[in-house]
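Encoded as structure tokens, here's the structure I'll be asking about.
Every chain is named by a letter (A, B, C, D, E and F) in the order it is written, and numbering of its residues begins at 1.
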Amino acid sequence: MDDVIWDLRVDSAVKLIKEGKRIDGRALDEYRKIDIQNHISETAEGSAIVNLGKTRIVAGTKMILGTPYPDSQDQGTISVGAELFPIASPSFEFGPPKAAAIELSRVIDRGIRESKSIDFKDLCITEGEQVWIVFVDLYTMNDDGNFFDAGSIAALSAMLETKIPKVEDGKIVKKEYSGKLKLSKKPLLCTFAKIANKIVIDPTLVEEKAQDARFSVSTADDKHLCAFQKGEQGSFTRSEIDECIEIAFKRGKEIRKTL
Amino acid sequence: MMAKKKDEIEYVKNGKRVDGRKVDELRPLKIEVGVIDRADGSAYVEWGQNKVLAAVYGPREALPKHIQNPYKALVNCQYRMATFSVPDRKNPRPGRREIEISKVCSEALAKSIFIERFPNTKIDVFVQILDSNAGTRVAGLIAASVALADAGIPMRDLVAATGVGKAGGEIILDLNKEEEDAPDAVDIPLAILPGTEEIVLLQMDGLLTKEEWKKSIELGIKGCKQVYEVQKEALRKKYGEAEKETAKAREPSAKETKPKKEEKVN
Amino acid sequence: MDDVIWDLRVDSAVKLIKEGKRIDGRALDEYRKIDIQNHISETAEGSAIVNLGKTRIVAGTKMILGTPYPDSQDQGTISVGAELFPIASPSFEFGPPKAAAIELSRVIDRGIRESKSIDFKDLCITEGEQVWIVFVDLYTMNDDGNFFDAGSIAALSAMLETKIPKVEDGKIVKKEYSGKLKLSKKPLLCTFAKIANKIVIDPTLVEEKAQDARFSVSTADDKHLCAFQKGEQGSFTRSEIDECIEIAFKRGKEIRKTL
Amino acid sequence: MMAKKKDEIEYVKNGKRVDGRKVDELRPLKIEVGVIDRADGSAYVEWGQNKVLAAVYGPREALPKHIQNPYKALVNCQYRMATFSVPDRKNPRPGRREIEISKVCSEALAKSIFIERFPNTKIDVFVQILDSNAGTRVAGLIAASVALADAGIPMRDLVAATGVGKAGGEIILDLNKEEEDAPDAVDIPLAILPGTEEIVLLQMDGLLTKEEWKKSIELGIKGCKQVYEVQKEALRKKYGEAEKETAKAREPSAKETKPKKEEKVN
Amino acid sequence: MMAKKKDEIEYVKNGKRVDGRKVDELRPLKIEVGVIDRADGSAYVEWGQNKVLAAVYGPREALPKHIQNPYKALVNCQYRMATFSVPDRKNPRPGRREIEISKVCSEALAKSIFIERFPNTKIDVFVQILDSNAGTRVAGLIAASVALADAGIPMRDLVAATGVGKAGGEIILDLNKEEEDAPDAVDIPLAILPGTEEIVLLQMDGLLTKEEWKKSIELGIKGCKQVYEVQKEALRKKYGEAEKETAKAREPSAKETKPKKEEKVN
Amino acid sequence: MDDVIWDLRVDSAVKLIKEGKRIDGRALDEYRKIDIQNHISETAEGSAIVNLGKTRIVAGTKMILGTPYPDSQDQGTISVGAELFPIASPSFEFGPPKAAAIELSRVIDRGIRESKSIDFKDLCITEGEQVWIVFVDLYTMNDDGNFFDAGSIAALSAMLETKIPKVEDGKIVKKEYSGKLKLSKKPLLCTFAKIANKIVIDPTLVEEKAQDARFSVSTADDKHLCAFQKGEQGSFTRSEIDECIEIAFKRGKEIRKTL
């Protein structure tokens, strides 16, 4: 029954897209409304809830003391993790992370990491001994499609407000801070769905169900790409990829200004 | 605060607690109903620093089949803390504490639901702690109960809950983290069905005399009833007006089309 | 077939309890015979098998060297674990511990921990560097109900005979001991089943199958409660809880004398 | 004992071993039958310091269905060591050693059972080591075999087992831990069906010549047969008298009501 | 090599790269078809230092039943690195990187197969990396695609793949490890169906301008087509002659007895 | 269908063996052709692919820095692991290692370890602080029976070519080596199947399916046995075991010469 309803929704989404329209009235290259609430957790070093239309995701950061890797003694690191938390959708389940959640985590992670917006040397406390590990954890809260972009914005927002705890004698002093996490850029992910041979940005859940292929572009700033991820069983032509890149720069620039 | 040693703190001084509350005063409590679009029911609770989200999915078919109960619905409450909701990052995998809390909360909620009306199904209740400062399980439980009501699941009563206990020799309602860390702290998570005062969840940690227990349960039940009012008010805010409108639009059939909603709030 | 037999047993247990009687002739507030065999393992630092009627459980302790937690540099710790070992019942299975085993472990653990009968500072060897972790592990051996109380007695008995290994240069000297584990109190768990609106202590397996709700009370000594756990889908009234507390103090006092 | 270095120990001196035993002498062995009320069959074994409990559940339906064998019962022996049964606390999760031992013990026991009579079922055999000092797998195996007999499962013969091997250049029966730790130690867990002397379990660790092997297997089989007598005696103690009584009470039907019991001990 | 710092290396000097290659030159590539007897199809690829084995099992029934898709075959590619294929021993358990690569490779291969002809089945593709030096996922993918052809699975086209990217400011084909470790390195794994130039796999890591991207994709597609020739040649080596023989022996029926083989290489 | 074919193959294997013959024409005590390719991975410290007839398995070694066990401060260690990798057979699956893979690993490990061909003291770098752990990992590549012997030869071959990385300041210097792993003996496993009351060496997959029992003998050199493993549900007589031992010494000697 439920499946039938979704099939009908998918059919009408495809039909509309063929005519260059979308169910919710957006242009093909238009984002849904982005709403960001910052500082939703006092315990986190930084946090944010992002609403992308009805899609909602929360991000929080924790700064943890660690030891550096043997081959980068003067560098800390970051780690981004996303869980398809069952609170967000009747089709998510608890259990060990599945491929979809791992892909989501790793694409958001790469989008930030590869932009080099964080200098890992800034995360060094004592060379060879103690460094910061910035954990950014994402939990899905309501699924209406495109957790990639919503998650990327949430992760960035949480990182932008992240405070660095004060360290004394190699230990964190609780509730005291020595500064803020430095980000030199604002990397942003833009995700596209290929539906009926058209490219739409920021797909809703219905559009995701309709898509043949997915493509995500991360722009580090207005001039640099920093990550790609093609997903799903369909394919893209070179010109479609180029179209996605153009739009990603344009939309990235707009969103970046608001952060 | 860090300068003072725990055993030098006066946890109640001139009738005021460390955060300025009276001994029988709850931390500020705010409940919002219907916050997750995809869920059948949901609620968001802010209780002091605690921030909790709850969603209900179901009743839906219990799978695999061998877990089905032909006489009643399974109530599967899963309580989880976000990694960033505690001072040191929590391991993302559910810990033993979370599994135990999930179990006792499932049992408490089951008592409040007419589970016998939904054989072979399960009702999933997901509780996510986004920020924490003592008392997350009771915050999760009241959010879950409101989410069940929001899902239109027929219920005997809401589950109202609070923490109660001891700090610095005083019996106090709704302990915060600083009070929970008192050297003589006792923490008593308590949940009741307010209509009958039946106790559906009760745990306790710490040294307590019989007399202290009697004071605690007295105070705890009073606290639960305060919480109950906030729960009802939150539901009324969403459904009170909606029902008025419904009543206007459709006349005698209103009761039948939303029968479950009516049962749950009284 | 098996189920039918158990249903009949449950029915007759309920019927009897309504009349204030029990299948095995006990009073509602009477324990089954408690039999304790100590020192059943030479390898363990302490051990005991407890028979509570036909219910049997074994506990063993190991003293392990560890490092203190950052926020309690002068304290060791204890850890109680119970497994619903399939040797004890046709309905137990191997596998990762399920909620029931975790609850059992944690309730027994809290009963001991919260009594403050062990001063965790006694478990410190070198402040900030080396402490004792007291592992108490319980294995079910035969299930006739109420592993809570049987396990609590077994854990306590094993701890009461626990020897502390001698430590030299930060290492354990095998088969030599520096003393015994100090317990200032003898915390005991009393578990009640609510069946047909009556309260019975120390339920058998049949009574557990008949129960609407369960309530466990841990008394640290003759004057102090130290832990509660309400379980199962039923509820208790305040006066039922008070009744359980009264009986728990009474029975706790009696059992405590025999340990 | 700790003062003397291992390579200075004389493992056999004037015909006596470090614990006073002769080279062909078992450690004290005690078997008790029927110690776990809920199990279909059970046994408790004390063998030197080793303490072992075994329980049998089944034959019962093998689930999930796809593991069923339409020609025979599955024999699933699970060997586990209690965390406190070894000098350093064992991780509660089963290790690779326990899984391997469970496999070879399952196979050894399967040979002793008329598994072809119970298609689509499984026979679960749980073995728990409570205290250990070398030779736990053979102690577990003989406990398991007696437990199978106690469960009334039709068997070709009991499985009798012992360790045998080398320490300090001497071939000795039933090594204890100190002997197993000898620099030249060889440990050979051996299990046979005593009636036919068929070898159903055989493992070996350590350097051994062909001649030493011949001495070892000789001694090992002798040892198994001694163990066999203790196993039979333990069963006789429980069933011998019971059967006498049964024989008195019910006359010709005795054989039919307990057919499985008779098969198992000869 | 270790003496020179990474930012002092000239990655392209006089048109030559650190290993002597030209900017648009692949590392030596060798493909062997049909190397695993038990598999339905298999291939071995050596690409520079990378050594990869791929095997295909299926189409076979997808189990458990609830994973079956009534409209198409599931393509389940599992990419794994041997513990000894990386400088520091890899944990034997599959890591998150391996799981992500398995997912994108499964999706890329699915596009190349007529999956709609095999409803309710799954096609397992196992890829094992035995030695590595940058570019293992594309090496695995081309091995997998050849193995699928070897298994006689009807395909739209082979999947041809290569790495392309940037090091020391230069856009180069098929980066090796040293190039991938350049301070400004960009790695772009790319896979296409060569007939139509459809892009079926595309990932990217590192800072790249639009102009650099255009050069990269140009070079990458050229590279894929070179790879494609090697893939076809490898299949021809096994099947070309076999088919000639078949043609001689059996006449008109040749086409029907091996219909799937024909589809796959064009 | 597949099963029927295998049943027929098993039947004909059994029939032949009763007449003292084998499907592939070998004598009962004859090995298949052994083909060894060394140095198949540059990244590994040592590696080999072994073909035993159509059975194929690959082994690779990694030398990893570790800390010594408390009770053997001057010794390193080895660790042999084998995976029944699904690339090799339609009946293998991914997932946590099952009993069969664990037995295979442990039997190959014991065959090497118990031969004392590696002096663990040679693996000590700094007493009490740093030692080598020699990881030998095996992956099945094609299953035509007897991974025990093929794996044993592969593990030994990989170890024989294993280079020891150079260590400076407690860290491995990449791509530099201080010498080779020393093996004083060449331990070899010989595996026998009991089929129709006959003993055959080096069983193929069909013969494994036909076997009642399996027996593996590891010879450390031409005079010493060093490990046994009896497997499967059948039994052996003493004289059958002795026969296996005789053949194992004979075949071990021959193979040892070729390594």
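Here is the rule we go by: contacts are C-beta pairs under 8 Å (C-beta built on N, C-alpha and C of every residue); 3 or more make two chains touch, one makes a residue touch a chain.
Computed from a predicted structure; not experimentally measured.
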| item | value |
| --- | --- |
| Chains in simultaneous contact with subunit D and subunit E | F |
| Separation of subunit F from subunit B in steps, with touching chains one step apart | 3 |
| Cα-centroid distance, subunit A relative to subunit C, in whole angstrom | 47 |
| Centroid distance [mean C-alpha coordinates] between subunit D and subunit A, Å | 58 |
| Between subunit B and subunit D, centroid-to-centroid distance (C-alpha), Å | 53 |
| For subunit D, residues that touch 2 or more chains besides their own | none |
| Overlap residues in subunit A, where contacts from two or more other chains coincide | none |
| Arrangement of touching chains [line / ring / star / complete / other] | ring |
| Circular arrangement of chains, read from subunit A onward through subunit E | A, E, F, D, C, B |
| Subunit E contact footprint on subunit A (complex, rising order) | 97, 99-100, 102-103, 105-106, 110, 114-116, 215, 220, 223-238, 241-242, 245, 249 |
| Of subunit A, residues touching subunit B in the complex | 40-45, 47, 54, 56, 58, 60-62, 64, 81, 83, 85-90, 94, 135, 137, 139, 141-144, 174-175 |
| Partner subunit A, residues of subunit E touching it in the complex | 96-97, 99-100, 102-104, 107, 110-111, 188, 193, 197-210, 213-214, 217, 221 |
| Residues of subunit E touching subunit F in the complex | 2, 36-39, 49, 51, 53-55, 57, 60, 78, 80, 82-89, 92, 94, 124, 126, 128, 130-133 |
